[in-house]
Amino acid sequence: MGNENLEARLQRYFDRLWPIPRTLAGPGFRESLQILEEMVPFEWLHFPTGTQVFDWTIPLEWNVREAFIQGPDRVRRADFKVNNLYLVGYSAPFRGRLHLSELKKHLHTIPEIPQAIPYMTSYYKESWGFCLSHAEFEALPEGEYDVIVDTTLSVGTLVVGEAILPGETEREILISSYLCHPSMANNELSGPLVLAFLYERLSKITKHRCTFRFVIGPETIGTIAYLHERGEHLRNTLDAGYVLTCIGDRGPFTYKQTRSGNTLADRCAEEAVSHRSGSKVMPFFPNGSDERQYNSPGFKLPVGSLMRSPYNHYPEYHTSLDNKDVISFVHLAESVELCAEIALNLDRNVAWVSNIQQCEPFLSKYGVFPTSHSVRSIDDWKMAVLWLMNLSDGKNDLLDIAKKSGIPFALLHQTALKLEQAGLVRRAASLNKETP
Amino acid sequence: MGNENLEARLQRYFDRLWPIPRTLAGPGFRESLQILEEMVPFEWLHFPTGTQVFDWTIPLEWNVREAFIQGPDRVRRADFKVNNLYLVGYSAPFRGRLHLSELKKHLHTIPEIPQAIPYMTSYYKESWGFCLSHAEFEALPEGEYDVIVDTTLSVGTLVVGEAILPGETEREILISSYLCHPSMANNELSGPLVLAFLYERLSKITKHRCTFRFVIGPETIGTIAYLHERGEHLRNTLDAGYVLTCIGDRGPFTYKQTRSGNTLADRCAEEAVSHRSGSKVMPFFPNGSDERQYNSPGFKLPVGSLMRSPYNHYPEYHTSLDNKDVISFVHLAESVELCAEIALNLDRNVAWVSNIQQCEPFLSKYGVFPTSHSVRSIDDWKMAVLWLMNLSDGKNDLLDIAKKSGIPFALLHQTALKLEQAGLVRRAASLNKETP
Amino acid sequence: MGNENLEARLQRYFDRLWPIPRTLAGPGFRESLQILEEMVPFEWLHFPTGTQVFDWTIPLEWNVREAFIQGPDRVRRADFKVNNLYLVGYSAPFRGRLHLSELKKHLHTIPEIPQAIPYMTSYYKESWGFCLSHAEFEALPEGEYDVIVDTTLSVGTLVVGEAILPGETEREILISSYLCHPSMANNELSGPLVLAFLYERLSKITKHRCTFRFVIGPETIGTIAYLHERGEHLRNTLDAGYVLTCIGDRGPFTYKQTRSGNTLADRCAEEAVSHRSGSKVMPFFPNGSDERQYNSPGFKLPVGSLMRSPYNHYPEYHTSLDNKDVISFVHLAESVELCAEIALNLDRNVAWVSNIQQCEPFLSKYGVFPTSHSVRSIDDWKMAVLWLMNLSDGKNDLLDIAKKSGIPFALLHQTALKLEQAGLVRRAASLNKETP
């Protein structure tokens, strides 16, 4: 089965990406992006460190040679080589000997989840620190500690990867994810993996109206840099977009709406998740991931967020416990399917016009309808025909009809194509309500 | 009591109409219409067979002399004379001898309801067939069968009956039902019966603003033919309309909305059924009865559907079990009342304007309000006065006020007339929000 | 604690106002208003008796010297000096001897609440009557009664008190209550007490954009007279207003909306009560108190009503049982707080504009945001910053942001001021959506 293959390939890529110490800018990010390039031919956008992007400045690259603490028993603890979460992200170089009581000012734990190493960063304030599980923290022997933080903060570039599948028109669908978190699974490797396999899937579609745009960079600063470069373009071309994040666990789907909550992106994602049991729709809120930047008031780009268990809604979030056990490759494969469905539905979401507007057509003569029938059984297909003929007045697009009828978009689309062949409907002049 | 009389008369007409073998076009339809003409002076619109009406063609007339099957035991089975549902509607003539195994290709049953003869038709594909209860079907002896389908399909006319009660204005209220089903009770004799008695009721009203239009023909093709003749007229004059169907059983009322769900027809029917316990409102869907044609995108006529248990929502639907046991003459009489109430409310739905707009009027001096009163008891009538005075600014019509206040339309209407007599309100220049 | 003092002062004023026999016009009203003037410098608007105000006429002043009935046992009963509810309000003078059976035509009781003396008036129809508890009524001995109703109905003036706290602009907030009920506590002393202490509270605010207007008169006729004088002015200047009534009992808050239900008055009151547990919002209805006049169609002033247990919703309403036991000075003090919060929120409800519209600001550099942080803990303050920056596009005012975010108005206001200091937001040119 195709999906077994998909699941196996997802797992293989996951295993290769997992150990790499990613951060905003530096070798870990680049190495990860190169692995994804086996599937997606990213163009690299380089933003030199120190560049101003809107209100922000591109930070220095961060590289870690080694980092650990070593107490009176000479045991290496919080060793970056063992788990890259031990070191606070962007820790500045430090080498010294501190008494435990002094060292503790630089140590971070989660007392309520004593086995978990928290994930922390200090991107924009020069400092250093270590994160330990609270169990490890409590077992630290008294005494003097050697602290080794052998890192560099150096000039270079921040990279954002961009790949485009051009369509027949310039109307765009954006898929965005981020790649700056070290070894954590649901947040964030799920997002880049689904994005890469979605690209692969869509690249096999030979003919599509919309242009598909894929973007992957470090969270927040990467998206701000990207919007500095492409924001005006997207304001003119973007029909809908989604941030993919936390989309690999076993929870049902969650869709977080765009700022206004009534865009094409919302209508399409809500239609698709409505047919998946347990799915939820959340209104926009300005905390979260890169949708914050896309939905800032100067852009108001129609970008929602596709997730399973949202950030902060699962206990392992932003800790060392967000590992391979939290995700499922079956669920990741299903996430690829959902995203492909949404992207293709957007591409197919046109308004049709019934060629017979006055009363119903006499369907039997078009070869699309059974003549002799028990009126007791009304099948889904017949209802799709009736809804399409009734609502196709050039004002309702397929998503409107899907919402009013409750019929899945795909069935409406297939039926519309058959009705088009039979001469019963034609495409409306304006393909898409949101197209200017 | 008047209603006892009404119930008895409903039953008498039901019993006369019941045995007649009705179909789209032919003697059964005409005979049935003639019986209803004892109450309603229908004008007959004749559509010659073969005429093109929009995408449809008027079918031939169908007449049955006799039809049955006779097996090795020489027993006549599925005899049209015993139950006119035995023969598939519009069966083409056939006479021959077939082995049971061959005959079975022409037999139809409902295995899940073994005592019920299904109702089937083949209007537009020339074929023949019989419907049996599954119990009868299973008891058929092996062997050769003589098959007699002595029918004719012949040129003639399809008839639609139309009756009009002219009002002071050309604004119209449409009441529509259909008369093409053979011996079934809730679907469809309930609809024509309620329509006819509603006509009788409204014809006694001497003065009404709106013109009431009553239409009865065969389902679907009759309405399509009628709209071919009257569609443009109705687009200019119709304020609201209703299809009456399945309106004689013991279930609570169901109102199926018009295509847009927010027309005058919807507002008035919803107000009326809201005061009947258990009533439901359904959004429009393009399956069902003649509302499909009225609500087609080329007409978008504001026609809803008044029912009790909707088609497909009661198990006897479209079988021989939809008989006199399924309906109740008490409930049919109540349906006449509801329809009369809706029609009259539509006629009375005007916008009033308070003559005293600034603060409340000093009601005592108008003789419409008690002077000395315990403030503890606020009766419905007082509330009707206050709502009318407060909301009558020429923008809210009585249906708006009924919706906002929860007060039944009839009480508001009566109160408004009293206030008009007292000089406290006047009619707004434009009588009706929907009037152009 | 300040509130202890507030509660004690509320109680002291309550005890002084309680015994005074108030009515529409006369010495009781004036004496009560003079007591409130110790806190509020009311200007007195005089309306001479007999003056026409819209559809109404200012009634005569009513004064009671004494009133009682005395039966065969020579016991004085229903003595106005003992409880001013015994006498029907505006009873015309009468002196005579009647047999009990004749007297009973002038007696009023509430059989269902046998201990309660009902509150009744006959303002506009000359008559006399007594109200008794049903227990007293049933104990009346048979025989002849002397009836003494020593009252006067005389020319004079009806008074409405008005006080204004001018703001930087002419946009107005109206606080309205009434002072015509004799010895009852929740309805009505709660309203005037909260109004007076609210005035005191707001008069200490040195700088406010809006002008606060306080009005107190007799119910209905007072407000009609006031609108005759000030209605046109208020149509041009009023942004929001509230009638205060039944606001001293132990129930949760109730807000009754304005006529349209979507005014600034509604948005602000609903936001404030939404953070008080158990609060309810009622749609407008044209029965009730002075909001009836403010919301009449000729004015449509955006005036809602702030209550705890609404009139008719507590059993003691309009009886002698609506006494000091029904109200609570703790709750009255809390009502003052709520009203002050609403008035100040209205004053502070401006639309802000983010100075950084494209992507989020880099908050760390503005000193309003922690740099190094565990992403796990998102505090209310951070969310207030993010919501303000995201929604401040000049179209959403603070009440919109409060509604969308669920964050209390006060926190948003304080945060907005900090962001303004940091240069991150500025005030929108038009301060208020409702300002013309």
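Chains here go by letter, A, B and C, matching the order in which they are written, and residues are numbered from 1 within each.
The definition used in the following text is that contacts are C-beta pairs under 8 Å (C-beta built on N, C-alpha and C of every residue); 3 or more make two chains touch, one makes a residue touch a chain.
What you see is a predicted model; the values in this text were computed from it and never measured.
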Point to revise | chain B onto chain C, rotation angle from CA fit, given as a multiple of 5 degrees | key: 120
Point to revise | Same-site or different-site touching of chain A by its copy chain C, using the half cut | key: different
Review point. Taking each chain's centre as the mean position of its Cα atoms, how many Å separate chain A from chain C?
Key: 53
Review point. Using the touch rule from the top of the page, what residues of chain C touch 2 or more other chains?
Key: none
Check your understanding: What part of chain C is in contact with chain B in the complex they form?
Key -> 54-57, 88, 108, 110, 118-122, 124-125, 127, 129, 220, 223-224, 227-228, 231, 259, 283, 285-287, 292-293, 295-299, 312, 317-318
Exercise for review: Would you pull the chain A residues touching chain B in the complex into a rising list?
Suggested key: 354, 356-362, 364, 371-372, 374-376, 378, 382-383, 386-387, 389-393, 404-405
